[in-house]
Each structure stands twice: as C-alpha cells, then as structure tokens.
Amino acid sequence: MGALFHDPILLAIVLGTNLPFLSMAVILLFTRSNPKLSSQISVGAILVSAVSAIYLLAKLHCASPLQYQTLWFSSDKLLIAFGYYLDPLSLLMLTIVGVIACLVQIYSLGYMAGDPGYSRYYAFQSLFAWAMLNMVIAGSMLQLFIYWEMVGLASYFLIGFYYEKWSASQAGKKAFVMNRVGDVGFFLGLIWLVIGFGNLGIPELNHAAATQGLPQHVLTVAALLIFCGVIGKSAQFPLLTWLPDAMEGPTPVSALLHSATMVAAGVYMFSRIFPFFSASPDAMAVALAIGTITMLLSGTMAMVTYDLKQVWAYSTVSQLGMMVMALAAGGYFAGVFHLTTHAGFKALLFLCSGIFIHEFHTNDMRIIGKKGGRRLKIPMACIAVGALALSGVFPFSGFFSKEAILGVLAAQPNKIWLAAALLGAVMTAYYSFRLIFHLLFPKDGIEEKQHEEHGHSSHGHEEDHHGYIFWAMAIPVMILAGVSLVLGFVEHPIEHFLIGHIVEAHPVAHGAEHGGGEWLMIMGVSAGLLGIAVAWFEFGRKGASRKGFLSYFPAVWKLFDRRWFLDIFYRKSLDTFVYGGLTSLFTKNDRRVIDGGIDGICFFTEGSGRLFSFLQSGMLQYNLLMMVLAAGVAVLYLLF
Amino acid sequence: MEMAGFPILTAILSTTILGLLIIIFIPPEKTKLIKQVSLASATVGLVLCIWLYYAYDHQKGGLQFVERILWVKSLGIYWFNGVDGINLPMMLLTSIVLFTAIWTMWELENRVKEFFALIFLLVAGVYGVFMSMDLFWIFVWYDVSLFPMYPLIAIWGGTRKEYGAMKLTLYLLAGSALILPAIIYLWVAGGAHTFDLFELQRIGFSAFDQKMTFIMLYLGFGILAAVWPFHTWSPVGHVAAPTAVSMIHAGVLMKLGAYGILRIGMTLCPAGAQYWSSLMALLACIGIVYGALVGLAQTDLKYVIGYSSVSHMGVVGLGLATMSVNGINGAVFQMFAHGVMTALFFSSVGYIYDRTHTKIIPELGGLSKTMPIASSFFIVAALAGIGVPLMASFWAELLVFIAAVKVFPVGGIAALVGLIISALFMLRVVQRTFYGEKNPKWEHIPDVSGFLAVPRVILMSIILFFGMFPKIMLDVIQSTVIPFVNRF
Amino acid sequence: MDTAGLDILNQAGFWAMVALTVAGASIAIFPRNILYNVLGLALCMTAIAAIYVFLGSLFIALMQFLIYVGAICIAIVFAIMLSRPLHLEMPPRPASKVAMATAAAVLFFVAIVGVVLKTDWTPSAARVADSSLWSVEAIGRALLTRYELVFEVISLVLLVAIIGAVITAGLSRRLSS
Amino acid sequence: MNSLSTYLIISALLFSMGLMGILQRRNLIGMLISVELLLNAANLNFMAFNRFLAPDPVIGQIIALFVMGLAAAEAAIGLSIILALYRKMHSINIERAQRLKG
Amino acid sequence: MTDFMLFLPELFFILGAIVFFIFSLRKKADPAAYHKWAVVIGAVGLLVTVAASRQGGMLFFDCYRVDLFSQVFKVLLALGTIWVIFSSGELKGIDPRQHAEYYFLIFVCTLAMMMLVSSVELLTIYVSIELSSYSLYLLVPMRRKADEFVETGIKYFMVGVTASGLMLFGISLLFGMAHTTYIPQLIQTLPGIISQPATIIGLILALSGFFFKLALFPFHIWAPDVYQGSANQVTTYIATASKMAAAAMIIRFTGLSAGASPGMIKLLIVLSILSMTFGNLVALIQKDIKRLLAYSSIAHAGYMLIGILALSDRGYASAIYYAAAYLVMNYSVFMVIMKLADDGHNLQIKELAGLHKRSPLLALTLMLGLFGLAGIPPTAGFMGKFLVFAAALEKGYLFLVIIGMINATISLYYYLIVIKAAYLLKPVNELPAVQVDFWTRCMCVVLVVMTIYLGVFPDQFVLLTEAAAKTLF
C-alpha cells in the first residue's frame, strides 16, 4: 500500500485504470436514479484516466519498459502474476484509449441526453474503460485475457443497450458468442503455453520466442490458437459478422468500442506479443491470409450498404484486416501506426455519423442526405476529413499509415498481398466517398419543404438545449478531426518511440519499413484517388446515376449485401447441428432414454411388486404349497 | 481423546441443531419469530465459519481444529471432526448459502415452522459431512442431509413436486446403497476396526479393494454430484424445489457428492481413482457438453439452471479426474464458486417466480424493464456461469482446464468447446427472459426491495471477491491438495 | 414256539401294522367323506400305537391310543357334528392343485428318504442296554426332574387351549348373557 | 424289520401324506386331520431314534408324550377356530376363505 | 431362593396371567379396570425384568439358562408387552367381554416367549413356542365385527401348525443325530456331524418354526393376512414382541451349525434375499397400512437374517440390536395407527391425510418410525442396518449387502408414500384434531427419543448386545 503512494507512476497507473471501475460501482449501486451525477462521475473518472495516461506517456517517454508485478495466486507450479507492463506500445495504446474514451464520453453527454438508461450507459462505459485500460497495460497474457473478456462483456452490455429491441439483444448475444468462439481458442492457446512453457508473462514470452526458448510445435500451435482470439475480437474472417451487427448499440459505443479501441484489441494483442508470433512463420502466414480475406470481404460489403454506421463498421473490419496484414507481414510499426491513426479517424467518422443520426433519427444515408445532412456544417466537414483520412489522401493521417503498410507488403516476396491491399484501398476510398457524396449531393436535391418543417420543429429543439447538446458532440469531433490532420506528421517520433528498443531484438520489424519507394507512394495515393473518382463519377457529379456500378450485377450485389452468406451459413449450421441436432437429440435422450430408463426401473419394480403379490394369493393352500415346496427344495439342496 | 481447545466445529454444527430445536418449540403461528431465530442461528454459523476460515493456518496446512472422541468403541467409530483446505471452503460455502437462503425465504408464509426446521436439519447434515473425518459419520450426515429434501420439495415445491421429490430422494438414496457397502468394505478391509479416515489412509488397501470400492463410491457419490448419466434427478428436483431448497441443494448438496469422491474415494483409494480416472474424465466431459446442450433447449428457467449445474459439476468431475494439483485445486474452487453462483441463480429466479408465478421463459420476457435489480442478479449469475473472468468460477475453470488439457487433451479440448455452448445458452436465457419488449403482464410487479436484495448482493459480492482475490481461497485449498496429490 | 417262529410272527405283525398305518393314513386324507377320514385317522393312530409297542414302549402306545383315538378323534367327530360339513356342496377338486400337492408331497418324501438313506446313523456311545430305563418309573422320574418345567408348562398349554377353545368357539358364558 | 431306516421311511411316508392332505384337502377338518399325521410322523421318528440310537430311551418317549398332549390342545384350538369360522362363513371349505390377498 | 430370583420375571407374568384368568371368570366385564391392572402388572413386570437383567444361572436341571442374552430379550419382550398393553386402552377391535381373556393370553404369550429365549433344551423350546403360538392363534380370531377377516384365524393356525410340524420333524432328526436335546451338548456335538445331511436338514427344519414366527420367506405367508385381519393391538403384539423371541431363537439355532456348513449359509443368504426383495416389492402396492407393515416385516426379517448368517459374535450382536431397534420403530408406527384407528378399524394409507395438522406429535412419531424402518440415519433403524451389514461384510458378503441396500432404497418408496400421506395430502373431509392424552404424548416423546438415541449414541447398546452375544455359547 505504501508503495502506491510513494511511486507516482504506480499511483497514476492504479488510479488511471481503476477509477472507472469505481465509478461504475458507484453508479450501479448508488446513483442510478440520478443520471446527471452518474455522467459526471463517469466523465470525471475517465478524465483522470486520460490525464494519467498522457502523464505516463510523457513521463516514461524515453525510459526502458517498466514492469510492476505481484503474485496474484499460485497453484502448484503455476504462478499467476498480477502486474503492469509499461512499454511504448502499451503507453501509446493507453493514451489512445484514454483520450478517445474520454472524448466519446463527453460526446455522449450530448448524444445520450434524455435516454432512460443514461446512468446505466455511463456505468457500462466506465466498465469498458476500466477493462480496456487494464487490458492495455496487463503484464501477462492471462491478465490480458481476463480484461479482454471483460471488454467483451462491456461490449455485450453496450451493444444490447437498447435491450428492449430484439435485434439489439440478439446482436449483443451474437457478438459475445462469436467472440467466445475465438476466446476459447485463445484460452486453449494460453493453457497450451502454460503446459508447454509455464509462464505467461508478456516480456518473458517475447523473450523466449525471440531466443528460440520455446519448442517450435508449442509455439506454432499456441500462436495459432491465440490468433483465434484476434479473429474473434478483431472480427477477422470467419467471425467477422458480429461487428456490423454490433452497430445496434448507441453510436458513441460504436465509435469507441467497435471501431477505435475494443476491436483493435485483437490487433493490439497481436502486436503485444509480436516477437512471439513472428517466431512462427506458419502462424504469420495464416494471419496474413486471414487479414487479407477479411479486408477484401468486408470492403465489398461496405460498397453496397446504405446504412451509415454499417459502412463504417465494414470499413472497420476491413481496416482491422489491413492491420493484421501489416503485422503478419512483419510490419510491426506499420500495424500499430495504422491502429493509432485508424482509432482517430474512425472514431471521428462514427461520431460525426452519430450527430447526423441524432439529428435525423435514421441511419440511411440517402434519407439523411435528402433531409439536408450537409446543413450541419461542422460534422459534415469533419466527416469529410475522416473519409479523406480513411481513403489515405495526403496529408491526412491515414495516408501515412497506409503507406507504411503498403511498404511492408511490398517487401513480401509474393506481391499478391500488395495487390490485394491496393484493391482494398480503392474500395475503401470508393465506399467512403460514396457515403460522403450521398450526404452532400442527395439524389433529388434536398427536400426543402420537409426540411422547413423539420427544421422548424428542431429549431425549438435547438433553442432549448441545442447549444449544450450540440457542442458536447461537436467539440470532441473537432478535436478528433484535428488529430486526424496532424497525426500523420508525427509518424517518425512514434516510430522511434515504438521501435527504438525492439529493433535490435527483431530486425524484421524495422527493416520492412523501407521496402517501398516513390512508386509505392504514388500507387497508394492513386488507388485512393481512383476510388474517390469512381465515387464521384457515380454519386457526386451532376446527373450521376447514384446507383453504383454493383447494382448492375444483382447477384453480386446480393452476395455483398448478405455478407457473402456467412450469417446465413452460421445460422443454418447452428440451427441444424446444435439446436436441431445435438440439442434435440440430447434432450430426447435425457427425457426418453435416461429418464425413461429410470422411470422404467421404477415401473419395473412396482410391476414386479404386483407380480409377486400374486404369490400371496387368497387361497391358503397355494401359499402353503409354496412354503412346502420351498422347504422341500431347501432340503433337497442341502441333501445334494 | 484429542481436543484442541474450543470445539468450534461442533459449535458450528450445533448452531443448526440448536436452531432446529428452538424452532420446534416456537408455536407455528409466530412466523416472524421463527424467521428471526433462523436467521440468527444462521448468522452465528456464518460468523463462526468466517472466523474458522480466518483462523485456519494455511502455512501449516493439514488438519486443524481437530475434535476426536471415541464414539462407538467396538466398531471404532470416532466423533472426529477437523478442517483442512478441502472442506474449509465447503464449510464457508455452506454457511453462506444457508444464511442467504434463509434470508431469501423471508416471505414464506406456508408452514413456516416446519420449513425452517427441515432446512436446519438438512444443513446440519451438510455441515456434518463436510467436517467429519470419520467414514461412519460422513455417511450418517450424508443421509441426514438427503431425506429432508423429500418433504421440503414435496410440501413447498412447484412443478411436479411430488414426482420430483420422490425421484430425487430415491435416486440419491440409491446412491447411498453403494456408498454404505463400500464404506463398510473399507472398514473390514482395513482390518483395524476403525472408521477414522486417516487411520484407514495410513493402513492402505490392496489394489483390488481400491478399484472396487472406488467405483462404488464414485457411482454412489456421483449420483449426488450429477455425474452424467446419473444427472436427471437434478433438473427435475430443482424445478420442483422451492427457492431456498434449490439454493442449498444445488449450491451445497451437490457438492457433497464431489466432496465424497474426493474425501473418501480418492483419499482411501488412490490407486482405484487412478484406475478409473479415464472413466471419470469421460463422464465429466460428456456432462459438461451434454448439460450445456440440453440446457439450450429448455424453456423453464430452473431447468436451465439445473442443466447448467450438470455442466458445471462436470468441470468439478474433470478436475478430480486429472488427479493433479491444479485439477483438484480447480475442482474444489469450482465447488465453492459454483455453489455461490447457483445460489445466486436460484435466489434471483426465486424472486421472479414468487412474483410472476411462472418460470417458463416464453411467458416472461422484458423483465429488465420492470425489475432491473432482480434481473441484474440473474445476469451476474449467468455471467459467472459463462465463466467470465474476475468471477470466482473463472479461476476454477482455468485450473481445471489447464490440468485437463495436460492429462486428457482430447477430453479437455472437447469440454472447452462446451464453454462456447454454455455462453450461448446462458445468454439465450438472459435475452429471452430479461430483454425484449416490456411484458405488460408484469408491469405492476415491484422490483426487489432493499431488504430482499441483501442476500443476493452478498452472494454477488462473494463471487466477485473470490474472482478478484483467488489467492485467499487457493492458498487454503492447496495447502491440503499438494500433500494429497503427492501421495498418488 | 421257537424264537424264529416268534420272529416271523413278529415280522408279520409289524408289517401288518405298517400296512394298517398307511391304509389308515390314506383313508384319513383321500376320501371326500369327512367321517371316513376320522375313522382312517383313528385306524392309523391305533396302528402307530402298535408300532410303538414294537419300538419297545407300551406306555407310549397306550397314551397314543388314549389321546388320539380317545380324545382327538372324538373331538373331531364332535366338531364335524357341529359344523355339519356333510351337507356341504363339494365341487370337483382342481386337478392342478392336487397335482401340485402330490408333487410337493413326493418331493418331500424323496427328500426325507434321501436324508434317511444318506445319513450315517450311529448309535450313541453312551448307550446302555438297561431295560430299567424303559420302565414307566423312569419316565415318571424324568418328568419330575429333567422335564419338570415342561410338565408344568403343558398344563398351562391345556389351560390356554381350554379357555381359548371356549371363547373362540363362542361358548363363553358372557356371550350368552 | 428291525432297522432304523424302516421306521424312518414309514415316518417319512406319513409326513408326506400329511403334507399332501394339508395341501389338497378343502375341508378344514380334513386339513386338521392331516396335521395330526405330521405330528405323528415326527413322534414316530422320536420313538425310532429312541429305540435305536439314543443313550437314554426316556427322552424320546417323553417327547412323544408331550407332543401328543400338544396335539390334543392344538386340535381343540383348531376345532374351535374352525367352528367359529363356520358360524360366520357357514362353510368350512378353505377355498371359500379368499378375501385377504395381494 | 436364588432360583426363585432367577425365575422372577417369568413368575411375574404368570401372576399376570393368573390375575386375568380370575378376571375372566367374573361375570361382569370391566375393560377399563382390566386395562389399568394390566398396565400396572406389565409395568412392574418390565421393572422386574430389567432388575433381573444382569442375573445369570441355570434352572430346572439345566433346561433353563438365565444369561445376558436371554435377559436382554426378556427386557425387550416385557417392553413390547407393556407397550401393547399401554395401547390397549381403547381396545375396540375386541369384544369388551373378552378383554380379560385378551390380557390373559397376552401375558401367557409373553411368558411363553420369555421361557423360549431362556430354554436350552429342545422339548422345552418346542413346548414354549407352541404355547406362545397357541396364545396367538387364539388372539387373532378374537377380532370383533370381522366379517371381512374371518379367515384370518384359520389361515394363521394352519400355516402355524404346518410350520410347527416341520419344526418338530426337524427336531426329531436333530435328536436322532445328536442323541441329546440339550443345546449346550448340541453345540459340542453338532460341528462334528454337521456334514451329515440329517443334521443340517434337521437344523433347517427346526429353524422353520422360528422362521414362521419371524415371517421370513417362505414362511411369511400368514403375515399379511394376519396383520390385516387381527385387531390392531394384536397385530402390534405380533409385529413387535413376538418377533423378538423369534429373532432370539433363530440366533440360537443358527449358531448351532457354527458356520461349518456352507450349504446352509448359502441357503440362508438366499432366504434373506428373497425375503427382503419379496417383502419390499409387494409392500410397494399396498393400500392398507397394516398389510404394508406386514410386508415390511417380511423384509425386515430378511435384514435381520443378514446379521445372523454372518455367524459371528458381531453378527449376533447386530441382530439383537436390529431386533431392539425394530421393536421401537415398529411400535412407534403401530402406536400411531392404533391411536388413529381408535375404533379398531383397519387404517388405510389415505386416511392419514392431514395428520400433521391433526396431531403434529403423532405425525412426527410416525415419520421417525418409518424413517427408522427405512434405515435412515440418525435413527436406530439405520444403526441396526449398519451393524448388520458390517457383520455381513466382515464375512465378505458384499453382494448380499448391496442387495440389502438396494432393498432399503425400494422400501423407502413405500415408507415415503405413508409419510407423504401424513404430511402432504389434504384430507377429503376435514377431520378434527386427534385427542392425544398425556400418557400417549409421553409415550411419543419416549419413542422419538429412543429412536434417535439408539441411533446416535449406540455405543453402550452395542456393547451390551455384544456381551449378550458372547454369553450365547
């Protein structure tokens, strides 16, 4: 206890990461009925977290990794440590999470105002913040896993926040279960490591992997299993469909959890034990393939949806796929940097969309555009900034990170990955600007009259508390837009900060950065511009069809729109194998065979009672006969 | 005669018996007084158990607070009580569940006196089994704890109560039909005419004796531990039982089975346990997956919990089957965690059932709107059931699976898959019961009052407490388990 | 007569008595007329009494005759008269019942004969050929020493039987009052 | 003639006939008569053992004597029960007394 | 004088018999007074028996042995008798004009059984058992208004005399083989000649008479009918006191073989299994409580035999313990039945409905009694079963013990049905509360305490039974 107060760093960690938990507890237990107080507590707590994160980043800027550790418990030879591991990566992530969470919570003050579940919302937000912050600085894989699960839990609650909507609770459940599938793999991977290696400390693992301290079979199997966790959490290929559904949650939640931070946890975990993963080329190859597939698949999905949030959701999946690609291709910095920039601009995009949704009460981009979405100048400008960043247009942050990734991929011997990434970039730009153009240039112009009415009604609305609500939402958005603008220019400091100490241990991580040349930059930019151009051609220019070229291929449209039938496949197989198959089979077995058997034994017993009771007939002589016969048989038995 | 100071274990036991006696002499009309007396004596028990837990020296380990008096000379029966790391958590669990169960039943109006008297009798048996170190007494208490179940379910129960009560009682006592011969067999085979567990352990048995008695004990106790395929009494019984009985039953009684296997079977017949361990693991793994899958198809809340218990007790069984420190640590921890968790489950379902008079999932729905607090208790329990970290059961499952994957890789992995299903089915229940549109039928129902929330909050905080500080429990458990396993 | 002749006579008498016994027993159980049965029983008892003579105890033979023929058979006759069973309808006997009864009886007979033949019957080592032991005095002495208790108890038995018979048969004085 | 087995076999015969009577006679008095045969068979055994094996011939005789006494008492009780039954049931056919069963 | 003292309990019961014999001669019957007299005599008789329980010695030219074994059983007999007499206050099942005879026969029967357990001579044993049987033959048909049950008496009688015929035949064979009627001498000679068929068969046939008394399969056939058909008090007497003597004699006779005959042990095992299984299975479907208890008694005979056939001191001791426990528990149940059916009718299970409200104390007594019979701890019945099984397992009869336990489970079903009726069923018509007088309350408490005490603190009783078993041979 004493150490806590003598060590400001530890104090900052403990306070910064655990205050949100305290705020959650306080809100749930005491201040449920006072929404205002609840939000203040929660925002206060997350502010402290953000500040302490920044403080830690500043303080430990150039220090070597710092580790705090204490024994959580031990069982047999298994020692489970509880500890914090502060290295550049975790500090960076801590800051990202802290800042974005803080911004989102402030934003929510406006967005969620008046919601009946206001207190609950902030409680779960705090829960999430607590879990996420702790996960980021966890010192061991097990601890990471624990908070990883807690993050999933918070996500479950927040997705299902509007639980009276069936689809929301369904989406929450789906997210949890799909994550669970990945997590079981992750869990098994950890068990595998415990058995094979005996230690789950992150530095220890990385060190052992880097120095070939781990047997290859343990390592590969463990890496693949742990990668299952990444697949689940970061919505990679087979398990990607939960994330679009997760948009059932309130928009700030989507911004925070399902784009910027939580889903990035998979990628974060990947980079956390990057040396460990990279010690297993097989696992890396699998990850690369999965990342690529994910990126392309979700890109296609984003191209056909009209739902504002869905677009960004698919885009998130796609970008996560890209990060995985980068990491799997050995681009440690590229991945992490893209994670950083993506967190900024994707949160920006969601929050902007949130303002539209809040204003127009719809998710459909066509309707928003028609109702005059572009009148909301600040969000419109910011969403454009975000889309530019996402499309990788210079000088927005996305440009820098995407270039870094392309550079890594270009260094791969097989150029197909690079091609795929470029294709992905084109798609990204296309769907982003498809959305932007939909908002800016709606199909039949803005319905003035309707807008008048609407504007009128919302005018009073605005006058009442538009000020507070609007600015609560707008300020974070503007901050984020600013971040997206400048973040790209600090690439090199971040790179230095991140790689500085790893570079010796793992040259690949660094070396790949410089694989690209000028032409790569040109290709990247032109891919983005190509996408924008196509979007302009189809949606932006005067007299454009505003239909999108995919609508000429209905089959493809349907394929993309139905998410490549993945959901249907899951639903069907769940229904067939689990509900229809095993469950009903086992239930029947339970009722009929086991219970039936037991009841049968009872019936048999009682039946034999009835049967035996005939021995006791009313006729005395038959009874006597039985008695004498039995005695006679006994005598004969004894005789022989 | 060995007596170490104040006989605290006997004192704990006598809180229940005293409670029982006092209740018998209170006129049945004074229900309030009866409840107060019950709660008071349960509180005393709880306090003593907590003190016991605190006072147990886990550095030293081994058997502490020993009370040993020769009871029946010619048979070598001893009044021999003691606690070690295995039964100490169980004692604590019992006192917690008893305390909360009594509090939960505060609104009972029908035949109050008999109800609490029988509850105390039941719990006396449970305490007895856990604290006793003499085979004879273990068996006696075991049976004592079983037979009050019949009236408790048949009088105060719900769905198909008489069938459930009869089935449960007969089923469980059929289990004891194997246990008693096995116990006496050990007594005979020991040759020293003693039922003292540790004497017998010192004597040791031949491989054949061990194999035979172990399987008898395993099947006998396994029935109570709801080992697949002997589990069908458990859902039926839970559905039929009133809330407090379900709590005690699923929370504590089922543990008696696993505890019996560990305490008698594995202590006295290590070679037998080794011999049968693959069978144990197989049945346990089937139970884990099977329980979750069948639970998926249930429409009655209590059936769901009943099947989840089957699944979770499978984890205990799997832990025991590994015969390793981690596995047994995990198993004991899981017993505790599952006990608290199901108590919370049944406690929250009990409130819902008391108010809505239904526990059929399709008839409920949207309860979160009308009774958010009551719902949140259930949801927390469900999360614990899923094995969400920082809830006590997570650690238990972690340890068990570490051991299981090591010893029985295939079974362990298969059982892990069961975790996915268990998540699916818990969330499905939560979604259908608590989420969705508000059901106008239940609109007028008040939420849990602060008074009635207390026991549930206690259970919830215990789950979280031991989820965050597993060391407090694991240190105690393994102080005994490590020497225990070293004997194999 | 010489001893051989006496012996033959003895033999013949013995077998005649055996035959009478069996015949009496058969009459006692087979005919459906209950009076024949009683007479058969009396005959059988008498023949057994004679066999007891062959076994060396005239006293017991006498007692047999007295008690069975003189008391039991007479009592049965009285009972027959009281219950008038002669007028009862007699449906045919179920053949299966007779067959099973016969089977059981034969089984028992076989079993006991088996026992008799398979057992090695050895006389007591302490056996003394003292004819005084066969005297009635010896019986009387034993009755008052070794069997004193039995001797006293049997009186109680008879008392119980009398009281019981009286009340059961409904002849109690109080019942009529 | 003077062999033990002869007597024993006669007694076995008597015993079996008694059993047979008990098992197949419907007339209660007939059954009672058969019971007397049983007792006599045992008595014959005692007398035979007495004659051939026993150290002291008094024992067998006395047993036989007492058995006779008991048989008389038994007959009295049996007959009285039969009479009582007759008065209530108006029959002494055992096959009519089948109310109690199962 | 010491002889007199040794015979004192028996003398006391003779006195009782004489008193009631005199009463029976009086013109006017006074049942209430008879009951008081009987209670006093019975109670004093119990005290005398208890006082004489530590005595030992031989009487009547070594025909009669007074030792701990016999005295323990005498105490049990006296206890059973006084209990039955105690419950005879409302003897509605028997014509008031016959009450004097009823008590007379009860006393005689007890006396006969007391003599039975002390006799060590075959003829004495035979005469005693006949005396007790005759008393019972006469008690059974005493039932009034028994049109339904008229056949009971004759059935009992016929089975009884057949069994006694078999027994006598067996005794004759034993006499033929061993040349003696003294049990101590038999004990010495029998092991030498046990291989001869006549010995072992004689023993088995001799045992059949006692099996009949104990209602062991296949000699059980009278039990259901007699339990159902005789007056409640008489049934109680048959079910409690008379079982004690039978158990004692089976112990004595089975012990004669001294374990030298595997065939006989196998036979006894088979009988015990059949008895348990048959009794329990058929009891499952009974509706009349007394009939149900009859089948349960058949099953209990099987359990008791498990202990006996272990043929060890522990086995005999366990059987004695079992018998004592059985006495207490069975009487508990019967007392409740007698109290509830105070007009002397046969109680059906469904008539128990609502008992817990009509009289909680009686319901509790009934429940504990039934749980005791089912062998659930911490009742005396459990301890009895435990001891019996322990003794059998010591001899390695694991299979037998498992069957016994399975049977105990089956039996629980029908006991639970009765308990369910008492505690759960709602009566069709609301019945008034049962009037339980002070003495009955006391008796209930005594029975409950005994049932529990014997189960929880068995030590001294076990030691006593073991000491008693040691004096057997």
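Quick notes on this one:
To keep things simple, chains are lettered A, B, C, D and E as they appear, and every chain counts its residues starting from 1.
Keep in mind that, in the parts below, a residue touches a chain if its C-beta (ideal position, glycine included) is under 8 Å from a C-beta of that chain, and two chains touch if they have at least 3 such contacts.
None of these values were measured; they are calculated from a predicted model.
Of all chains in the assembly, those touching chain A and also chain D are C, E. Inter-chain spacing, taken between the CA centroids of chain D and chain E, is 26 Å. Rounded to a whole number, the gap between the C-alpha centres of chain C and chain D is 7 angstrom. With each centre defined as the average position of its C-alpha atoms, the distance from chain B to chain E rounds to 42 Å. The centroid of the Cα atoms in chain A and the matching centroid in chain B are 37 Å apart.
Shared contact sites, meaning residues of chain A that touch two or more other chains, fall at 613, 616, 620-621, 624-625, 628-629, 631, 635, 639. Each of residues 170 in chain B touches at least two other chains.
Contact of a single residue of chain E with at least two other chains is seen at positions 123, 127, 130, 134, 137-138, 141, 151, 153-155, 158, 162, 166, 173, 176, 179, 197, 201, 224, 282, 285, 413. Here, these are the chain pairs in contact: A-B, A-C, A-D, A-E, B-E, C-D, C-E, D-E. Chain contact summary for the complex, chain C toward chain A: residues 97, 100-101, 103-104, 107-108, 110-112, 114-115, 118. Residue ranges of chain E in contact with chain D, taken from their complex: 122-123, 126-127, 130, 134, 137-138, 141, 147-155, 157-158, 161-162, 165-166, 168-169, 171-173, 175-176, 179-181, 224-225, 228-229, 282, 285-286. Contact residues on chain B toward chain E in their complex (touch as defined above): 71-75, 114, 136, 139-141, 143-144, 147, 150-151, 154-155, 162, 166, 169-170, 173-174, 176-178, 180-181, 184-185, 187-188. Note for the complex: chain D touches chain C at residues 1, 4-5, 7-10, 12-21, 23-27, 29-30, 32-34, 36-37, 40, 43-44, 47-48, 50-59, 61-62, 64-66, 68-77, 79-84, 86-87, 91-93.
The touching residues of chain C, counted against chain E in their complex, run 111, 114-116, 118-121, 124, 126, 145-150, 153-154, 156-157, 159-161, 163-164, 167-168, 172-175, 177.
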